[in-house]
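Next come two complexes, and both contain chain A; in the first it sits with chain B, in the second with chain C.
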Partner chain A sequence: MTVVMEKPERTGAEEPAAPARSVRRVGRPVLVAAILAGWLVLFAVLRGRQTLSLAAADLTDLHRWFNDVNDSIGANRDSNPLFLYFFNEIRLVIDTLVTFVQELISQPSADRPLPQIGWLGVVGIAGYVSWAVGNWRVALLAVAGFTFLGLQGLWQESMDTLALTLSAVLVALLFAIPLGVWAGLSDRVNRIVTPFLDFMQTMPTFVYLAPLTLFFLIGGASATIATVIYAAPPAIRITAHAIRSVPETTVEAAESLGATRRQALLKVLLPMSKRTVVMGVNQSIMAALAMVTIAALIDAPGLGKTVVQALQSLDVGTAFNAGLSIVVLAIVLDRVTTAASVREETARRSKGRFRTWRRPLLGAGAVIAVVLAYLSHTYVWAAEFPGEGSVGSSVASAADTTTTWVQDNLSGLTNAVRDALTNGLLNPFQSLLTDSPWWLVGAVLIALGTVLGGRRAGVTTAVCVGLLVGTGLWSDAMTTLASTLVATVLVMLFGVVVGVWMGRSALVDRLIRPTLDAAQVMPPFVYLVPFLALFGATRFTAIVAAVVYAAPVAIKIIADGVRNVPATTVEAATAAGCNTWQLITKVQLPMARGALTLATNQGLIYVLSMVVVGGLVGAGALGYDVVAGFSQGQLYGKGLAAGLAIVLLGVMFDRITQAAARRAGA
Partner chain B sequence: MARQATHWRAGAAGIAVLGLTLTACGGAKVGDSSSGSGSSGGSGTCGTFNLAVNPWVGYEADAAVVAYVAEHDLGCKVTQKDLKEEIAWQGFGTGEVDTVLENWGHDDLKAKYITQQKTAVEAGSTGNEGIIGWYVPPWLAKAHPDITDWKNLNKYASKFKTSESGGKGQLLDGDPSYVTNDEALVKNLKLDFKVVYAGSETALIQAYRKAEKNKEWVIGYFYEPQWFLSEVPLVKVNLPAYKDGCDADAEKVACDYPVYDLDKIVSAKFAKSGSPAYDLVKKFTWTNDDQNVVAKYIAVDKMTPEAAAKKWVEANRDKVEAWIK
Partner chain C sequence: MTPTQAEVPQRHGTPRDSDSTPVISVRNLWKVFGPKAERVPDSEELCGLTRRELMDRTGCTAAVRDVHFDVSPGEVFVVMGLSGSGKSTLVRCLTRLIEPTAGEIVFEGEDIRDADPARLRDLRRRKFSMVFQHFGLLPHRQVVDNVGFGLEIRGMSRAERTRRAQEVVELVGLAGYENSYPDQLSGGMQQRVGLARALAGDPDVLFFDEPFSALDPLIRRDMQNEVIRLHHEVGKTMVFITHDLSEALKLGDRILIMRDGKMVQCGTGDELVGAPADDYVREFVKDVPRGDVLTLRWIMRAPEDGDALDGPELGPDVVVREATRVVLAADTPVKVVENGTLLGIVGDEEILAVVAGREGDV
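Our next item is the complex of A and B:
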């Protein structure tokens, strides 16, 4: 789960680059068409030569070297001072934190058979905090949501997940907010940090999961750090963006009044960007929850374990029930943090009697929360969630019934769709990419990068192409690229259709949004089992998985863009006699162009983050390389190289689409 | 201001009353009962026993039974850790894992951790035989009995075509956890097939399940013991028989996979610790049928691993006695 907030126009300093002008004389679409036509001609002539393909079990020297490095780290672990004094200390600190939170809400401690605070206390505190930082509506949601977790029969698992998520987000924010502020203040820091953030977000977790347990041992610390690596970047980026988008005039005004740098930061920049920074916290939480099932592979307790274990015997019902708990947690945390980010404004608007009551009510609420926590500390009925979790078993059996029905009744139809898309679009495109000589594809990519994104994007593309060849996995990378681009096209198709629909109607938005949230945090395998039954282990299944995960982001961004088209413009167009279709195609979509490019950018990055999952359901190529590298020692280096290749593809497309977006906006 | 304070006081009083009422009708207190029943732990010579649980149901069955016996007969405190194989082996060195119960070959890991780092030692066979090979769904073996001989595979290759196999027959490979020689096999046996990587056990099982139900043509890589075989009894295709050393050169393999003697690995420290849990691990052995029964309890009957282990142990007390003597 990457950032939604990162608007491509953030570096206002960049000009629409000089080379663009000479290019524009010919017209960009014409150039692109010419490049593609040239590619097709050369492909016909040179097909099948210099494709740099590598068989599944073959390794290059680079892969072997990665293996050796990994082995020597493992062998020297106990004698290396870096381990003894540095990593061990970090592990101890984080372990202590995690254990503390766990003993508070989820795990029995040394002298108690139950955690310090039981379900009643947690529900009470969650409700109170949600109300205090948000409003009564989200408080009600929090209470209902947390109670539902208990009714599902997954109280302890949910609390384990919550404990780990909270610890990870806390640690992430401890670094992310100062770093984000710094990157927001200094362009140079921002430039240095950005590639690292890209790396942290697109490098598949499988690649660094095993080394992490070598550094930080098996247990809470490793799981937390794995989560932090993935959850910190959105918070850093959004904080930097927030600081950057404070109007310069405001800062100048403060400075002309004699404020020091420090005062300007503390009194102007931070308060003014608070709302957006809270959105960063929100994205961090979502990203942390997306890691739940992966952390379960290194023994992190919680809902992820339930999902993984259920899927070993293809028990979709049980896995869905646990997945639903993750969704409920995500929705509660999302709505509460969102409410917190807008609270001050709404509170200011609804001034009057309620505000004078707020303080005493807050005090009373705190007392109630403390009493509930005390009760749940002392009495068994308030500590252990009562009942057998019968709601959970009915959820599970309903999910089972639905899955079976879908599998039995839809497979004829779905096979036709799969074959049409695979034979009509994916196969030709893939063979164009994989059967062309590598230098031809490389040249085409660089040319397209330059034409669409300008000279700097072209240079970045060239570097990425060079490094991709260096990973030794060129052919696999091209296979993955083909599926990725097809998936992105589908994502944008959904994004535009549903996004426009949602953007034009608040009711539709409210109805669809929870489904989108669910699609983003539900562990993929829960819905992939029925997809596997429908489509088999194919690249198409992998594409479907990627679309399910990435479309929600694109939809949300486009809906936002459509909604932000000024109402007066829409009214003017309507008055001028536009019908709905004209209104959408001639006014709303063109005016939401910035949102469309941002959606493409994020859609692509999200699709890339599903490459590994795709490898688990038949996509082969880079995704499978990563998975196999995680499972077999001698393939570790190859998996690492495949992970790097995914990062390179991500960076390449991110830079091209962002530069293209800047030029489109200019 | 004064009025506010009154409200506050009234509210606080109300809550205090509410609190007291709730406390009064309280009920059992946390920690009351635990002191009574907590003594089932036994002598305590065993201490903590860290058992890695690799992510497949057969292993889970092994682990559940061993953990049950260690806890109830030996009084150990068993910590089961859900880990992938690589990470579990890594844990031998860091002291976080005492035992891996069902190891499938993994000569690379043995070389690394037993021979080089000397952090792990072998602890004998589990009694289970691991068979890897190519399997077809039962309906296919029934309809075309000659398909179980590899020599006839080319005859049927066109039937196995899919959208992924590029005009050839599809050989669905697999779970990335196991070594496969399938690409070399296809080449060296001159089969008109293409290896397609399903990527996970889930994907393989779904493929076979669907194939059996809709009478589709599927051939792929699978293994036993595996709980799924009790749902759909897949039929193994006979490749040229395995002989010692026929798989020495990965490029030139043209024979079936060897039968794996699944074995137990323990950390070197644990082997020297004198823990009764080590003796249990060392003596633990059972048959494929035993494992299948427990795996079926877990996967098909949806029992918890503990309940499944309890049921089996109670029904097979004689076998358990032999492990803890």
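Our next item is the complex of A and C:
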């Protein structure tokens, strides 16, 4: 947050009058300090009054009303025409699709004790497809990765996750690519779609689940639909971007040769954006995987469920083993789709012999894959993964041993870190937020929003604060807010240190970037597991996981910002005699101000989604409310309200930091 | 030793036939960008405003204002102007890549503005083609498929268009690169592909939109020579947009100078240099080596009493630079004769005024 408070340069245009301009230019950091000081003073006086706290089992009218809505929907699900002919139909179609894919690779089908295609067939097909769309290296990776899943003893769970992911991505792309092409072609569609996509992408995975269960019941269908909704935006956005970035001259050239709109689309726009669209598919798959694991909370089958159950019983070994499977799956899917997007280029370069052989080789590969699939369909040895998953149990027990060892030997250290941060930073801040009267915190938030983001951000903040109070979960929201802000400060600290280091040194960048890229494709879920082992089930675990989850994106944005400072400016500063420290603090960081604000924005959004997931491991507050809502009927309404509160927090963070970024950027 | 009229080459290789009907005839062409653009050309008051005033009054930008010209068959017609003068918009209006706001564009007797989309596509497929500044090639296709792209759009069979594309690839000097991808070629070669693509459909008119501006000077010169060569070989009518005066003078039979969307002057190169319409054009042509552009017609004087009229004869369209040696070598002034009529005489003094500059000139 410190970053946003830096005094941005004047960008003009937005401010109406010149006098106001000069006042604000002088005043912004001072104003922020004044607001914070005033808050502290009032806090000391008014502590503990009008805090709007609500006990875990207490409900407000709104929550009870949500419960009633849920009950009435439940009662009328099979009579209300809207449900009968719309929601239920959708659920049926999705269910049929998911069941079909599941029976193909993961679940026993009607007359068979095993799925249609056993492990050997799946591994064979995975290897073949990876090779066909990518290259032989990713094919090897896919074969090794999938085999490892079997060795872990989690074959069926992995295949469930894969089945859900693939069906959801299939449905998502069916909508997303045409919509993306449309948005790429038409400015009007783009203008309409963009705010929706922005909004959808700011929301933590979590909040999609609650409202969907209202319409589609708890279970696989809801999970898939949530995944579809979550996986579509990146594909839409990237497809539209791909179409839009085809050079205008090329389109014009096609037009000048008399191409029809259809010809221009099929022969110019689509082929030229193919590569980028495949990257969109990659993003879509990664988003789907993240969502499918989280959707375990609403009873989606697969690896996520194993992790959730293990987390709830604090069984670190099992959670670690299943988490590892998710990581392996994520790596395989990411590498294969990334390889697919670059294949076009490399294949073009490799001339001659290999190309003439490619077709027959592809044919031969297909035959082998079909034979393997047939074997796995017919013989039990090829259908059921052999062995007892001994690798899995040794992974689990190794993780357990490590945890025990850490707890025995390092607990002094980890507890010291935890307690220091909890007592030194988190608790005071949290009590400042939760023990102040609600109107005081609200006023402070609105004032800060206005000062940092401008009047419109202030209005948005005011609306969000009002609605937050309305959800009846003010106190929980403030707890989540405290964790989020503390984690974001830590993220920005990391981000600036590592980002500046990477931005200044190409070598460091080359070394660190692959790790960051890999870290970014992981579903947020799996970050909880190792930190649960280290820090136990506390708020702090969620915060550390959030920092680790959000740091890569912040680091990358800051590194790019520092790298984009024009070389001539750096040269000029060096020529003027700046030392390294001066160069960083006086030239590179100020010039990367836009990137810093953007990093704060992304950091906040990522942190929020993780802090909320942390509700699973004792972080409490809004995340816990949502989870409890899924499992206990009488808390359903409260969970829904908590989901709403998360949305409001997300919108508030996003609007303020976006507005601040616009001011700082330009 | 004395060369005769016939031995001195004329500046322009193509004979200009002033009687033939124009291929393209543009009348009162307007292109206005902005809200309710169509009212601007209709209103006499708005037409009179400067660009800035129009922007302030109506929020519209007039990119092309009341332009008219004719392009004769086989002619290279150059439109020249600085950036923002509306020349690129003008050339796009001619094929309706940008929809004109008002005016007529008559191509072979047909007003293009009346063509429906199908007819317009047909014209683009068979009659016009265009070469772009940034090439506009398809990166995912090999050279031969880029060249054949227009033919493919027409629906020509694969074998036929490959054969035709191959011919054109050889014509523009790219033989051996048929199977390369555009990003494997240099800028000059990429533009040759663009040129080949434009030629492949055997159009009647070629439009060039600053085709060589993105190229290095040496390559640019090669490509200019290439265009001159192709013009000799295939004899197409060409409309050529450029911001480079020397390019305009080198290629153009006639040159239209534009400023702020309006036409300032239209004429041959020697007319622009010899009789600039206003200070803007004068400033433009100031640094042109006048001896390379002006012909004897521009510098001859009427014979006075005492001038010896027994010198060698030259035609009025001989460029000064090429007449210099003849004039300086002769003892008496050179007679400028057209169809047996004496138009004037040129002595050492006139030649030197052009070649070495008049006394007092900068």
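Keep this in mind: the second predicted complex is superposed on the first by the 386 of 666 C-alpha atoms of A that agree within 3 Å, B and C clash if a C-alpha of one lies under 4 Å from a C-alpha of the other, contacts with A are read in each partner's own complex, and residues count from 1 in each chain.
Here is the rule we go by: contacts are C-beta pairs under 8 Å (C-beta built on N, C-alpha and C of every residue); 3 or more make two chains touch, one makes a residue touch a chain.
Keep in mind the model is a prediction, meaning the values are calculated, not measured.
By the document's definition of touching, neither partner reaches A:L493: not chain B, not chain C.
Applying the stated contact rule after C-alpha superposition, one finds that A:P271 touches chain C and leaves chain B untouched. When the two complexes are overlaid on their common chain A, residue A:T260 makes contact with chain C while staying clear of chain B.
Of the two partner chains placed by superposition, only chain C is touched by A:E252; chain B is not. Of the two partners, chain B and chain C, it is B that touches more residues of chain A.
In the superposed model, A:G618 lies in contact with chain B only, and not with chain C. In the superposition on chain A, A:L511 contacts neither chain B nor chain C.
Chain A uses no single residue to touch chain B in one structure and chain C in the other.
Looking at the complex, you find that chain B touches chain A at residues 4, 7-8, 11-12, 15-16, 18-19, 22-23, 26-32, 34, 55-57, 60, 81-87, 90-91, 93-94, 96-97, 108-109, 112, 116-117, 162-164, 172, 176-177, 179, 183-184, 195-207, 209-210, 214, 227, 250, 298-300, 302. Chain C makes touch with chain A in their complex at residues 92, 95, 97, 121-126, 128-130, 132-140, 149-150, 152-154, 181, 194, 197, 201, 207. Within the complex, the chain A residues that touch chain C are 247, 249-260, 263, 267-268, 271-272, 274, 344, 348.
By the touch rule above, chain A contacts chain B in their complex via residues 55-57, 71, 74-75, 77-78, 111-114, 118, 209-210, 213-214, 217-219, 296-299, 305, 308-309, 311-315, 318, 356-357, 359-361, 363-364, 367-368, 371, 374-375, 377-381, 383, 407, 411, 418-419, 422-423, 427, 525, 528-529, 532-533, 536-540, 615-620, 623-624, 627-628, 630-634.
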